[in-house]
Each structure stands twice: as C-alpha cells, then as structure tokens.
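Following this line, the structures themselves.
Same chain, two partners: chain A is paired with chain B first, then with chain C.
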Partner chain A sequence: MFQSFRSAMTWIHTWFGLVLGFVLMGAFFFGALCVFDREIDKWAIPEARFEVQPMPSFDRVLLPEFEAMSPSLETMQIWGIVADNRSSLIDLVSIHETSAQGDARTERVVKMLDPRTGKVTNGDHFKIGSEFFYPLHYSLTLDWQGLGEWIVAFSGMMMLAALISGIVIHRKLFREFFTFRPGKGFRRSTLDLHNLTGVVALPFHFFFAFTGVLIFVGQYFPIGTTQLAQLHELHEQLEIGESKIPTERSGHAAPLASVDAMMAEARRRWAAHGMPGEVGVIHLRFVGDANAHVAIYPAATNSLQDLLNGVHFNGATGAVLQVDPAPNAVQQVAGFLTGLHLQPFRHWPLRWLYALGGLAGCVCIATGLLFFVEKRKHQHAKQGSQAIHVVDALAVTTVTGMVIATLGILIVNRLLPDTLPAGWPRHDDLERYAFWFAWLLAMAHAFWRTAPVAQGRMAPAWVEQCWTITVMSVTAVLLNWITTGDHLLRTLSDTYWPVAGLDLALLTVAAIAALAGRKIKRRAENASMIAESVAQDAARA
Partner chain B sequence: MAARISSRQQIALHVVAALVANYVFTWGFIALGVAGLFAAGTEFHDAESLASMLGLLVFLTAFLWTFAARSLPRACLVLVGGGALMAGTASLIQALLIRAY
Partner chain C sequence: VRDALLLIAAFVTSIAGMGWLALSMDVHWRQVCGNAFGSPAPTKRLRALGTLGLGTSLVLCLSVNHASIASLVWVMALTAAAFSIAFILTWRAHWLRLLFPPARPTAG
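Coming up: the complex of A and B.
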C-alpha cells in the first residue's frame, strides 16, 4: 500500500494524528490541569480554603461520623479515610451491604470533613479538579462500558505511534531543537513550533502516553480475569495461606480498639525506618468483629508511590498483624512508572514542569492540526471541498472551545448559590451541564464562523473565541472576588497559593487570549488586503 | 472517484485489520508472559505488570510494522497465528499448573 517505510510513517502520523488529535488535546489539557486538581478544588469550594491539616483523632472525631454514615456494623464492608498531602477537607468513604431486594448489593457513602472543626460539610459540593477534570482526562467521563477509557487509551497508543513516526519523518531531530522562525510565514512557523514542542518534550510525551495506557492496562487486556482466571485464583489461594490479614468475619463480636494508638504505632515504625511521615490513608474492614482489620498508610509527600509501607493491625486487639514488605524489583519499576504519571508527591517545581510539559503537548497537537489546515486550505478552496472547513471548525472547538468550556464550569460554580432551591438538580450535575453546554455553544459557533476557510481565508471564529476567553477569564476572577471576598490582593498577601495561583493563571490566560486575538485579526486584515489588491490588479489587467 | 473510494475502503480495511491482528498478537504475548513467568516462580501480579509493560511496547512496534509490511494479509496472518499460538501455550501452562497443585 505504501511505497516506503517513511511514506507509511507519514500516513500514520498525519491521519491518526488528525482523527485522534482532538481526543489527545483533551487528555493533555485536562491532564495538565490535574497537576493542580486539589488547588482547583479549593477555588471551587470556598469552605475548603484553609491550610492542609494533619489527620484528626479517629476515636473522637472520625468514628462517630462513620457510625452515622453506616446503618449497622454487621453490614459495614469498608471504611476509608483519605487525607492526602494537598487536600484540606478529608474524604470519608463508607461502603456497606444493602440487601433490600433480597440480593446482596453495596452502597457507597462519601462525606467531606473539616479536620479543624470535626464537622462534616454540606455534601452538595463538586470538586471540579479531582472529580471532574481528573476523570475527564482519562475517560472523557464516557462511563458506558468503559468506552471513554478505551478511546483515550487507543489515542494514547496512537500518540506513541505518532511520536515514533514523527521521528522517522523528521530526520533532522537535533536541528529542530533550536528552530523557530516566527517571521517566516504562518505555515512555516506553525510547523517549526510543532516540531519544537514535539522534540523538546519528547521523553515527556512518550512517557505520559505510555504510562497513561499502562495504568489501566488490566482493563484493555483483562487476561487475569478471563483466560488465566484459574491461574489467578490459584495464586490467591496460595497467598491467603501466607497472609495474616483476615479475609472474612469470625462471627465473634468485639469492639474496635483505639485506632489513634494504631496511628501512633504506624508513625513510630515509619520514623524508625528512616521514613517519618503523616498518616495519609486509613482502611478499616469488619469493624465490630474479632477479625477487624485496620490498614494505615503514610501520605506520599516525598515519594513516587502511595499505599507503600502500610502497617496492618488487628482492629479488635490493636496488635500489629504484618507490615507491607518492601517492593521487589518489578513492583519498583511498575510503581515508578505509574507514580511518575500520578505524581502523589508535593514537589512544586517538578509539578510545574509537569504542567508545562502537558501544555507543550497541547501546543504540539494544536499546531499539528493547524498545519494540516494551512497546508491544504488553498488547494481545497480551488477544489470547492468543505473538508477543511470541518477540520478547522473542530480545531477551533478543541483549542479555544475547550478553554471556554473550562471557564464555563468555573463561572457557573461561582454563580450557583451554596444551597440550591428545592427541586433543582445537584451542584455537580448543574456544573457538568454548564461545562458541556459551553463547549457545545463554542462548537456551534466554530462551525458557523469557520466557513471562510473553505475559500482559503482565515476563520473569524478564532479571533471571536479568543475575545470570549478573555472576557470569561476576567469574569471568573471577579466572580471569585464577589462571592467569597478573596481578591488577589488578599490571597497574595496571605500567600494562599491555591486560590491566588488560579486567579493569576486566569488573568494570564485572559492576556494571552487577548494578544492572540489581536495578532490573528491583524494577520487576517493584512491577508485580505493583499487578496484585494491582487484581485484589483487582475481586474485591471 | 471510484478509485479514490476503493482506496479509502482499502485504507479502512487496512487500519481495522492491523488493529485486530495486533490486539490478538499482544493478547497472546501478555498471556504467555503471565503464565510463563508465574510458572517460573514470579508472583502473579508482578508477572502481569511485567508482561503488560512489555506487551504495550510489542503492540506499538508490531502496529508500525504492519503498516510498513509489504503484504498486509501476510502480516495479519503472522500476527493472528502467532497470537493464537502464544495464547494457546499460555492456556496449556495454566492447565498443567492447576493439575500440579
């Protein structure tokens, strides 16, 4: 089908890049936002705007809350507490059995607790960062049959294919490191920027696409639960024989021992092994039974992996059952790969590099799409084809439309009152609707205002959406001020970076969008002036 | 125009065939990796993560190769045949291990 290896690689790069570039842009953009997911949560939930606290007392503060969340101790399955190193509010998760219709089902209750007061907050909050942008970047929130995850994973694999084929196409890899010619015409500088952002962050792009697919690989190749399920079962039987952790209730009632004492013991053990740290995750099972199990894990503040070094206790006696063994070589490699993607650590310069790498990925993909349009638009205009109109409209939808949707959810988050009137949908649903509605509007506008591309001209949609972004970004910052009183002067003087940082980022976005809009407008005017004078010359001749 | 459409269909067929054949091949590779490593004494989940890591790289390489190969039917035959053979061997190892315990 292809004349040479290089022409095959060019084909893969162009067409898979075009079709899946839109998905990849989303994964990279929202993935980059997820570096600051907990900070975005704090911007979206004013109640969460305080410094991160240590884990509160389980016996006095958390236990009563869990008892209130669970109908009875007999049906409780899991109580989980997640107090990671960047969240101020603590997540409490309770899973219990419900057998209302005769068949056993489980119900999951999630609450957020303010560790300073020990009180559960009003449940109707939406963590836009960690509960929306985060799942969006790997599943597009298309949950049916895991469809979204399959689409993103496939796009991730094709990103890897595009990177390798890109290297094959461009043999002058080293030179492209230093090549950017902004004055050499739009098409040339677009391609320069595409190559530059692709090559400079090549290891980053490769690593993130690869580890992103790797994290959910068990879903795409579910071999251990299908073809080799028997082998998996055999392994579990062998493991149960070795482990001291109970797997079922004993049937003998026994009260829960002091979990605070277990936390102290876990901290002491970590410190004794040269890894002092705070408690990050507590996991309880079979509470109220003699076989109660409490697992305590440190917060991964300075490490690549969480859920390492867990200490397991018998919940009824408080005795240590076992300590997680140090990871072996395979676990270290796997943990390193997924840990670098999930970044549980709190190293801020490194986190910023991640965000910039993600944005460089966006620039690389967007300039690829733009180059596709620029290269073909004059030829398509001559042929009278509409294909390039569709591609440009989708490019507008993905590049500026995605930012508009993101700003839409932030603005609606600040506009909705804390307590919604009776009969309204929940906060999270309304904010989600706002996000998709804003994106849909941007898409409709993009298709309407990119029609001139089919005649080989610049689409006005780009400029108009740039202005929209500027207005929306400033609106979001103002709304944050009006609804919470947290203006930039205050958050900066308090050095409360989660909110100050997002406000500053929004203002930066506003400025960049305004500059871009002005520049594109000027270029379009120049181009149309040249076209007019050419037409006049032709008419005169 | 007719030639363009038939070439479009050919391309679509090429892409689908390459994906399916590579999926089967990678499935076989990971399955054989898991069963083989487990039989050699590796912990089950470690075997899974090691085989999957390599499996993704195998998918990537084989996928690019399929497009560069001179004959698509032959490439697909090699991939599907190889995948089935590896998956079959994995099931055989599983059956032997289950009987042994």
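Coming up: the complex of A and C.
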C-alpha cells in the first residue's frame, strides 16, 4: 500500500493528526489552563479572593457544619474535607445513605466553607477552573458511558503515535533543532514552527500524553473486575486482614474523640519524619460508632508523594491505628508518573513551564492543521473541492473559537447576579450553556467566513475572530473591575496574584490577538494585491 | 531567596548550554558570525561547553528540590532554553556572540 516506511508514517501522522488534532488541541489548551485551575476559581468566585488559610478547628468549626449536612449519624457514610494548598475556600463533602423507594442509595452534599469565618458560602458557585476546565480537558464533559474519556484517551494514544511518526518523517531532526525561519514563506515557516514546538517540547508532549493515558488505565483495562477479578478480591481480603482499619460499624455507639488532637498528632509525626506539612485532607467514616475511622493526609507541597503519608486514627478513642506504609517500588513509580501530570505541588516556576509546554503543544497542533490547509488549498481550488473549506473552518473553530468560548464563560460568570431569579437554571448550568453557545456561534461564523479558502484565498474568519478575542478579553477584565471593584492597580498593589495574574493574562491575550489580526489582515491584502497584478498581467498578455 | 537564585542560575546555565550547542552547528554559527567556522573548527569545544552547561543546570536543579521535582524542572528548563535560543537565532542572532568571544565575523 505504501512505497516506504516513511510514507506510511506520513499517512498516519497526517490523517490521525487531522482527525484527532481537534480533540488534542482542546486537551492541551484546557490542560494548560488547569495549571491555574484554583486561581481561575478565585477569579470566578469573588468570595474566594483571600489568602490560603490553615485548616480550621474540626471540633469547633467543621463538626457542626457536617452535622447540619447529614440527616443522621446512622446513615452517614463519609465526611470528607479537602483543603489543598492553593484553594482558599475549603470543600466539605458529606455522603449519606438514603433509602428512597426501599433500595439503598447514597446522596452527596457538597458545601464550601470560609475558614476565616467558619461559615459556609451562600448560593451555588461554579468553580470554572477545577470543576469545568479540568474535567473538560480529559473527558470533554461527555459523561455518557465515559465516552469523552474514551475519546480523549484514544486521542492521547494517537498523540504518542503522532510524536513517533513525526520523528520518523522529520528529515533533519537535529540539524534543524533550533530552526525557525519566519521570512521564508508561509508554508515553510508554518512547518518550521510545527517542528520546533514538536521537537523541542517533545519530552513534555510525550510525558503528558503518556501519563494522561496512564491515569485512566483502569477505564479501558478494567482487569480488576474482569480477568483478574478473583485475584483482586483475594488481595482485598488479605489487605483488610492485615490492616487495623475497621471496614464496618461495630453497632456500639461512641462519641467522636477530638479530631483537632488527631490533626496535631499527624503533624507531629510528619515533622518527626522530616516532612513537616499542613493537614490537607481529612476523611471520616462511621462517626458515632465505636469503629469510627479518621484518616488524615498532608497537603502535598514539596514532593510528588506527600499524599501517601496518611495517618489513621480510631475516631472513638483518638488512638493511632496505623500509618500508611512507605510506598513500594511500583507505587513510587506510579506516584511519580501520575504526580507529574496532576502536579499537586506548589512549585510556581515548574507550573509556569507546564503551562507554556501545554501552549507549545497547542501551537504544534494548530500549525499542523494550518500546514495541512496551506499545502492543499490551491490544488483543491483548481479541483473545485470544498473539503479544504471544512478543514479550515474547523481549524478556526478549534484555534480562535476555543478561546472565544473560554472568554464567553468568564464574561457570563461576571454578568450573572449572585442570586438568580426564581425558575432560572443554576449558575453552573448557565455558565456551561454560555461556553458551548459561544463556541457554537464561533463555529457558525467560521463556516460562513472561510468560504474564500475554497478559491485558494485567505479566510476572513481568522481576522474577525482575532478582533472578537481582543474585545472579549478586555470586556472580561473590565467586568471583573465593575462587578467586584478589583481592578489591576488594586490587585497588583495588594500582590493578589490569582486575580491580577488572570487579568494580566487576559490583557496579554487581547494584545496578541490584536497583533495577530493586524498581521493576517496585512498579509491577506498583500496577497490579493499580488493576485490582482498577476491577473492584470495575464489580461494584458 | 537562596532557592530562587539557584533556580535562576539553573535557567541561565541551561540557556547558555543550549546556546553553545547551537553555535557548534555550522548553520547557526553562520547566522551568528556571517561566515563559516575558521580552522580549526571549535565544534568540539562548543559541544563540551554545551554539555557542561546543561549538566550544571541539572546539578543546580537537584540542589533546590526533591529529585522527583528537580528532574521535571530540569527537563522543562531545557525545553524553555531551547525555545529561547531558537527565537534569539531568528531575531537577534548576534546576541549569541556574547557566549563565545571567538565567535565574531572575521574580516575579509
């Protein structure tokens, strides 16, 4: 079928890249935004705009809230507290059994608590960063049967294939390692940028595609419930036998001992092991029973494996039941590979490098799509084919359309009042609709305004969407100022980086989009002038 | 502050290392100096300097963070350094003369 190995690799690279590039672009772009997910949350929820606090007292502050969240102690299953090292508001999760219509089900209640006042926040806030962009980047928020996760995982697999086939078809991998020639014609410079962003950031692309696929391995190789189900069950029973952690209620009521004392003991143990840290996660089960279990984990800050250092207590007596054993070699490798992707640490230089790596991935995919169009558009124009029109429209939709959708959700977040009129959908639903609606509009515009590509000309959609991005970015910054009073001068002088950083990033996006729009426009004008003079020469001849 | 300075040093050495590696390539030497290598060609010296630069950067990263994080910082620093050198070569190639004094246009 193919004349050489290289031509087979070219085929794979081109066609899988084209079909899945659109998905990968989303995974990379929203993945890059997720580096700052908690910061985006703070921009979107003005009540969360304060410094990160230490874990408040459980006995005095958190316990009453949990008691209010659960109908009764008999039906409580899990109380969880998550206070990671970058969120200012603390998440309280209560899961309890409900026996509606006779069969046992569970209900989950989630509240956000302000640790300074000890009060839960009012209203339904939407954490755009950690509850929307984050799931979007690995599941496209297509939850039906885990379809989105399958699509993204398959795309991740093909990304690995594209990286390897890309290396095979690249003729001058080392000779052109540092090469970018913007003056050598559009097609050459696009390919240069594609190669540069692909090759130089190759370790990043490879490890993120690989670990991303690896994190969801249980989804597509569910051997624990299929081929190895018996071994899995046996192992589980063995573990339960060895562990001192209770797995069910004893039936004897007993009040909960002081969890504050347990937190102090956990901190003391971490410090004694040379890993001093704050409490990040608390997990309680069977509260009110003699078998109550309290697990306390540190907030990961310094290494990729902090979360494996849990200390377990008997909730009724406050005695230490056991400490998580040191991870074995397999757990250490797995912890490193998933940790490098999920980045629980607070290392800001590394987080920025990750964000830039993700954006380099976007540039790589986008230039690949542009190169595909540039290479074929004149040929397609001669043949009168519309295929390239579709590809260019989809490229506009994914590159500029995606940014427009992102700005759309930020703008609507700032426009919606805190309390919505009765009968309206919830905040999170409205903001989600805004996101998809903005993207849909951008797509419709892209299809309408890329028609000239089919005649071999530049599509005006690119310039118009660049202007739209500029206007929307500035609007988002202004709306943040108007609705919260937090303008850049204030956030910068307070050095409140989560909000100042996002505002500055929005203004940078506005400037880049304006510059790009101007450049594209000028180039399109030059191209049409040349085309006209060629036509005039031809007419004269 | 000490950690921040060491990290900055790690970034600087990785950029210098990548710069030296780029200079050891004929095509980039031409971009920087406008002419081909003189003889003897400094290729080996430049490659050794480049390797030393990247190696120093790794040691500096390891002195700041736990090895798991330091390895990631190093790999990402190399990526950022390679991008910086590529863009310097595109727009301000003569800046790289600073890295290697013998790299200057020879008269005639």
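As a convention for this text, the second predicted complex is superposed on the first by the 537 of 541 C-alpha atoms of A that agree within 3 Å, B and C clash if a C-alpha of one lies under 4 Å from a C-alpha of the other, contacts with A are read in each partner's own complex, and residues count from 1 in each chain.
Keep this in mind: contacts are C-beta pairs under 8 Å (C-beta built on N, C-alpha and C of every residue); 3 or more make two chains touch, one makes a residue touch a chain.
Remember, predicted model here, so these are calculated numbers, not experimental data.
*Asks:* Let's test your reading of the overlay: on chain A, do chain B and chain C clash or fit side by side?
*Replies:* fit
*Asks:* Have a look at where A:R105 lands relative to chain B and chain C in the superposition and call it first, second, both or neither.
*Replies:* In the superposition, A:R105 contacts neither chain B nor chain C.
*Asks:* Could you look at A:P349 and tell me whether it touches chain B, chain C, both or neither (first, second, both, neither)?
*Replies:* It touches chain C, and chain B stays clear.
*Asks:* Which partner chains sit in contact with A:F2 here, chain B, chain C, both or neither? Use first/second/both/neither.
*Replies:* first
*Asks:* With the two structures laid over each other on chain A, which partner does A:L337 touch: chain B (first), chain C (second), both, or neither?
*Replies:* Touch status of A:L337: first partner only.
*Asks:* Measure off the angle at the C-alpha centre of chain A toward the C-alpha centres of chain B and chain C in the combined model, and quote it in steps of 10°.
*Replies:* About 90 degrees between chain B and chain C, seen from chain A.
*Asks:* If you stack the two complexes on chain A, which partner ends up touching A:R518: first (chain B), second (chain C), both, or neither?
*Replies:* neither
*Asks:* A:T179 in the overlay: touching chain B, chain C, both, or neither? Say first, second, both or neither.
*Replies:* A:T179 sits against chain C, while chain B stays out of touch.
*Asks:* Based on the superposed arrangement, let me know which partner A:K119 touches: chain B (first), chain C (second), both, or neither?
*Replies:* neither
*Asks:* Look across chain B and chain C in the superposition and give the shortest C-alpha distance you find, in Å.
*Replies:* In this superposition, no C-alpha atom of chain B lies closer than 18 Å to one of chain C.
*Asks:* Chain A touches which residues of chain C in the complex?
*Replies:* 7, 18, 22, 25, 27-28, 65-66, 68-69, 72-73, 75-80, 82-83, 85-87, 89-90
*Asks:* Tell me, which parts of chain B touch chain A in their complex?
*Replies:* 10-11, 14, 26-27, 30-31, 34-35, 38, 42-46, 48-50, 52-53, 55-56, 59-60, 63-64, 67-68, 72, 87, 90-91, 94, 97-98, 101
*Asks:* Tell me, which parts of chain A touch chain C in their complex?
*Replies:* 175, 177-182, 196, 200-201, 203-204, 302-305, 336, 339-340, 345, 347, 349-350, 353-354, 356-357, 360
*Asks:* Which bits of chain A are touching chain B when the two form their complex?
*Replies:* 1-2, 5, 8-9, 11-12, 157, 160-161, 164-165, 210, 213-214, 217-218, 221, 223-224, 227-228, 230-232, 234-235, 328, 330-331, 333-334, 337
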